[in-house]
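These notes open a run of structures that come right after.
The two complexes that follow have chain A in common; it is paired with chain B in the first and with chain C in the second.
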Partner chain A sequence: MKSLEELAAIRERMQNKVVLREGSGDIRVVVGMATCGIAAGARPVLNAFVEEVNREGLSDKVTVTQTGCIGICQFEPVVEVFEAGKEKVTYVKMTPEKAKEVVEKHLKGGKVITDYVIKDI
Partner chain B sequence: MKEISLNILDIAQNSVKAGAETVRIELKETTETLFVSISDDGCGMKPDFLAAVTDPFTTTRTTRNVGLGIPLFKLACEQTGGEFSIVSRDSENFPTDHGTTTSALFYKTSIDYTPLGDVISTLTVLIQGAPEIRWVFTHTLPGGEVRLDTDELKEALGGVPLSHPEVVAWIADYLKEQYDGANGNPCPSI
Partner chain C sequence: MVRAQVLICGGTGCTSSGSAKLIAEFENQIAKNDLSEEVKIVQTGCFGLCALGPVVIVYPDGTFYSQVKEADVKEIVEEHLLKGRVVSRLVYDEAAADAAVENGNVSLSDTTFYAKQKRVALRNCGVINPESIDEYIAMDGYAALGKALTEMTPEEVIKVVSDSGLRGRGGGGFPTGKKWSFTAANKADQKYVVCNADEGDPGAFMDRSVLEGDPHCIVEAMTICGYATGATQGYVYVRAEYPIAVKRLEKAIKDAREYGLLGKDIFGSGFDFDLHIRLGAGAFVCGEETALMTSIEGNRGEPRPRPPYPAVKGLFGKPTTENNVETFANIPQIILKGAEFFNSMGTEGSKGTKVFALGGKINNTGLVEIPMGTTLREVIYDIGGGCPNGKKFKAAQAGGPSGGCLPAELLDEPIDYDNLRSKGAMMGSGGLIVMDEDTCMVDIAKFFLKFTVDESCGKCTPCRVGTRRLLELLEKITSGNGTMEDLDRMEKLCYYIKENSLCGLGQTAPNPVLSTYQRFKDEYIAHVVDKKCPAHVCKNLVRFEIDPALCKGCTKCARNCPVNAISGAVKEPHVIDQTKCIKCGTCIDNCAFHAISKK
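Then we have the complex of A and B:
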C-alpha cells in the first residue's frame, strides 16, 4: 500500500541533496496545454516529458512547464525548448515517443532533432 | 475530445487561469450515469459573459473571441442525453464568495458516450502544472471511492514541491492503487 510515509522519504532524500533548485533549470521545456493542444494529444506528451526527464536524471537541469495556446493549433501538440544563450526550438506534432527521443537526444545529448522542428514562426 | 477526462483537464485549466486557490473535481458514477463537477474559487464570470462563453454560436460575439473548451464539454454530455450546467459568481459582485462550478451529467448507455478514460493522467498534469493550488479529487464508483487532497500531501512533503517528478509519479501510483481497490474503471497507460 502507498502511504504518506513514502512522501516523507522522498522529502528526506531531497533534503540530502545540496539545494532544492525549484524551477532554476538551465533548460525549460514548455508544453502547450490549451483546448487545441489537449485535443491533439498534449496530455501524454507532457507526462512523457516529466517521466523521461526524471528517468534520465535531468531534473536539476530541465524544468517542464505548461502554457496555453501557442498560436499554431494545426501543429499541436507543440513543445518549445528554451535554453539560455540559444535560440528557441519549437517541436510540432509531438507524441510521447517523440518526447522520449527529444529528452534523450536534445536535452541530454545537446542535439536538436531537426525532423520534428518547425522553422520561422 | 476522445475521453471525458480530457474535457475535465481542459475545464480545470480554466480554473487555474481564473486564479483559483482550491479546485474540486468530483466524479459520481453509477452503472448508468457519470456526473462530473469542477468547482473553483477563482475570479468568476459576469452573467452576460457567461452566456456568451456557454453558447458562442447563438450569442452575438461582442465581448471577445470566445474559446471552445466549455462548448465542447457541454456538447459531449448533451449528446448522451445528459445535462450541462455552469454557475459563476464574479469577484466584483461577490468579493468574498466568488468562483465557478461547471458540471455535466453523462448517460453511459448512450452510443454517443465517450469513455471517461485516463483520469489519473489528467490529475498528474494539473498538479504538475499548478502545484500551488489545492486540488481535491473524489470519484465515487459503484464499488468504492477514490480520493486525493493535495493539502494532505503537502504536509508530508514539507518544502518539496508537488510538481517534483517523483511526487507526481507517487501520486499516479497512489491513485492507481485506489482504483484497483475500488474496482473502478480501467485506467490505461499508467
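Then we have the complex of A and C:
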C-alpha cells in the first residue's frame, strides 16, 4: 500500500461489514419476526430493509433489527421505526417493495408514509 | 446481505471453555435454518468477562450471552436469529436484560460489568476479528500511522504522546513521550523498538488479551514509535505460553507486510520499518527491560546495571525504546484523536484508562478497562460483582509478586499512579488478585515470595540469597516458630533487598511482604505471639475441634478421616486426636451438624 487513498478504499469497503457491531444508530427499524410475522413474509421484508439501508449508505445511522410478536398478528409483517425524540411509527402489512419505499421516503427523506401506518383499530 | 452477526470469543479463556465447538455448531445450525446469507459468524478476541465464558454477542442488538453451551446454540439460532426473540435465560445480567427487553434492546453496554468501563486499549477486543486486517482498517486501523507518516514530523508525534500524559502501563509509570524523546535524541546508524509482551505476573493477562484481540494495533503503534524515534526495526518479545497471541501476531505482521504497512517506503513517505517476534521461555526476570533485551540478543536472560539506559545503549548496543503492550495499544488512538482525547480522561498525574485483570476471590473474573481515578470499590463491587458467597473483601494484590496489597481501607481511594504510591501501595501492571476474609495475609506474602525466589535469576546476591532467607523467615512464622525478633529481621531484610538488588525483580520482590506487614501487622503478630492464624489457613496453627454439644455421634467423620484421628462411640460426642490430625478438612465437609470447626 503506497497511499492513504488505498487505505481509505479498504476502510470504505469494510465499514458496512463491521458497522452492525457499533449498534449506535439514531434510528432503529424493528421487524416483527415471530411465527406469525415469518408466515406472513417478514423475512424478505427484513432483508429488503438491510439491503436498502446499506445501498442508501444509511447504515451508520439506521440499525435494522428484529423482534418477536407484538400482538397484532393480523397486520403482519409489522415494522416499527424508533427515532430518538420522536413518536414510534408502526407500519403494517409490509412487503419488500413497501420496505424500499419506507427507506427512501421515511428513513432518508424524513417523511412518514401514512398510507402504510397502522390505523386506529 | 448480512443483517446480523454472531461474535464468538476466541480468547484463551473462552477457547478453553469450548468456544471452538460453539463456532462449529453455530455454522451448522445457521446452515440448517437457511440463514447463511443473512447471518455472519465472527471469531473475536477477549470480551473481558472470562468467568462467564464462552461468550457470544449477537449484533446489531448487542445481546450478550454468557456460558453458552453447544446445546444452547440451536435455541439461539431458531429463537433469536430467526424469530428475533432474545433467549433471556442465557443473557448475562438478567436484571438488566429484563429491563432492556421492555424497550426491545438488550445491549452489552447496559450490563453492570460494562457500564463503568471505558475502552481505549481494548476498544477492538471482542469487536473485530483479530485475524482480519480489513476489519481492523474498517475500525480506523492504520489511519493513525497514515496521519503520522504523511502529516506529522517525528517531533510532532512525540509532542502529542507527551501532551497526552500517557505513562508506561507495565507498572513503572514512566512518561512515554519522555522515553521516546530520549531515544530520538540519540544519533545512531540503527535504532530499535521493543514491545514487552513478557507478561509474567501470576494472575495478569491484559497484554495477552490485547495481542489476541487486536494484534494490529501493536503493529501500528510500534511502527509509529519507530517513525518518532528513528528506528527501523522492531521486536515483540512474547512468552511462548501464549500460543494464540503468537499465532495472531504472526498473521498480523504477515498481512501488514502484504499490504505494505510494514516494509519499505510505507505510505510513500520513505520510512522503512519491519517487525520480528521473539519467543520467551517464560522467565519472570525477562520482563525486566535489560534482561529482555539480553534474551532477544540470544543470551541467557539476565539483567545488567542501568545506566546506560536502553535509550542510549539498548538492544545490540543501539538506542532502543521499550514499551509494554498496553502502552502501545493506546498510541494509535492518541495520534488519531489528539492528546486532548486522552488527557481529558483520568486524574491530574495519571491520564487515560488502565486495564486490569481481575482474578482471585471475585465473581466476575475477567478483563476491565476503567478511566484512571475510578475507585477500587467501583472496580471490585460494581464491575467485579464483589466476592463470591457473600464473603467480606479483605485486600487486593495489585501488580502481582512485584506489587503491594490494597486493603479494604483503600477501597474509596481513586486508582492512579501517584495516589496509590502515596498510600504505600502501587498500581502495578494491572493484575488485580482479590482476597476475601478467608485469606491469610502472611500466607499470601509467602506465596508471592516463593514465586520470586523461584524466578530470581541469581546474578546478584541480595536477590538470590536475600529472598531465600526472607522466605525461610516467613516459613518459620507460618509454622508457629517465629519470634518478635524475626519480624524485625524480616522487615530489615526487606529494605536491604530493595535497596541493593540489581534489577526490578529483586527491588520489588519484598513488596508483598512489606505491604502486608504494614497493613496487617496484627495478623503477623497473631502468628508469632498467639501462635494462631486468624484466617485459619496456616496448617500448623490451626486445630480442628468437635463441639460436643453439637455432635450427634453419627460416626460419619470418623469413617471418612483418612488417618483415623477421630474416635468415639455411636451416639456419643466424638473427639479428634490432635497428634494424628493432618488438618485436611474432610471431617468438616462430612459433618451434617456443623459440629466441627477450625480454631
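Basically, the second predicted complex is superposed on the first by the 97 of 121 C-alpha atoms of A that agree within 3 Å, B and C clash if a C-alpha of one lies under 4 Å from a C-alpha of the other, contacts with A are read in each partner's own complex, and residues count from 1 in each chain.
One rule holds in what follows: a contact is a pair of C-beta atoms (placed from the backbone, for glycine too) under 8 Å apart; a residue touches a chain by one contact, two chains touch by 3 or more.
None of these values were measured; they are calculated from a predicted model.
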Partner chain(s) touched by A:Lys119 [first = chain B, second = chain C, both, neither]: neither
Chain B versus chain C as contact partner of A:Pro44, first or second or both or neither: first
First (chain B), second (chain C), both or neither touched by A:Gly32: second
Residues on chain A lying within both footprints (that of chain B and that of chain C): 1-2, 4, 7, 10-11, 14-15, 20, 33-35, 38, 46-47, 50-51, 54, 64-66, 68
Sites on chain A touched by chain B in the complex: 1-2, 4-8, 10-11, 14-15, 20, 22, 33-36, 38-39, 43-44, 46-47, 50-51, 53-54, 59, 64-66, 68
Contact set on chain C toward chain A in their complex: 1-5, 7, 38, 40, 59-62, 82-85, 104-105, 107, 127-128, 134-135, 137-140, 142-143, 146, 150, 259-261, 265, 267-268
Contacting residues of chain B [partner chain A, same complex]: 1, 6, 9-10, 13, 17, 67-69, 72, 118, 121-122, 124-125, 128-129, 152-153, 156-161, 164-170, 173-174, 177, 189
Chain C contact footprint on chain A (complex, rising order): 1-4, 7, 10-11, 13-15, 17-18, 20-21, 23, 25, 28, 30-35, 37-38, 46-47, 50-51, 54, 63-68
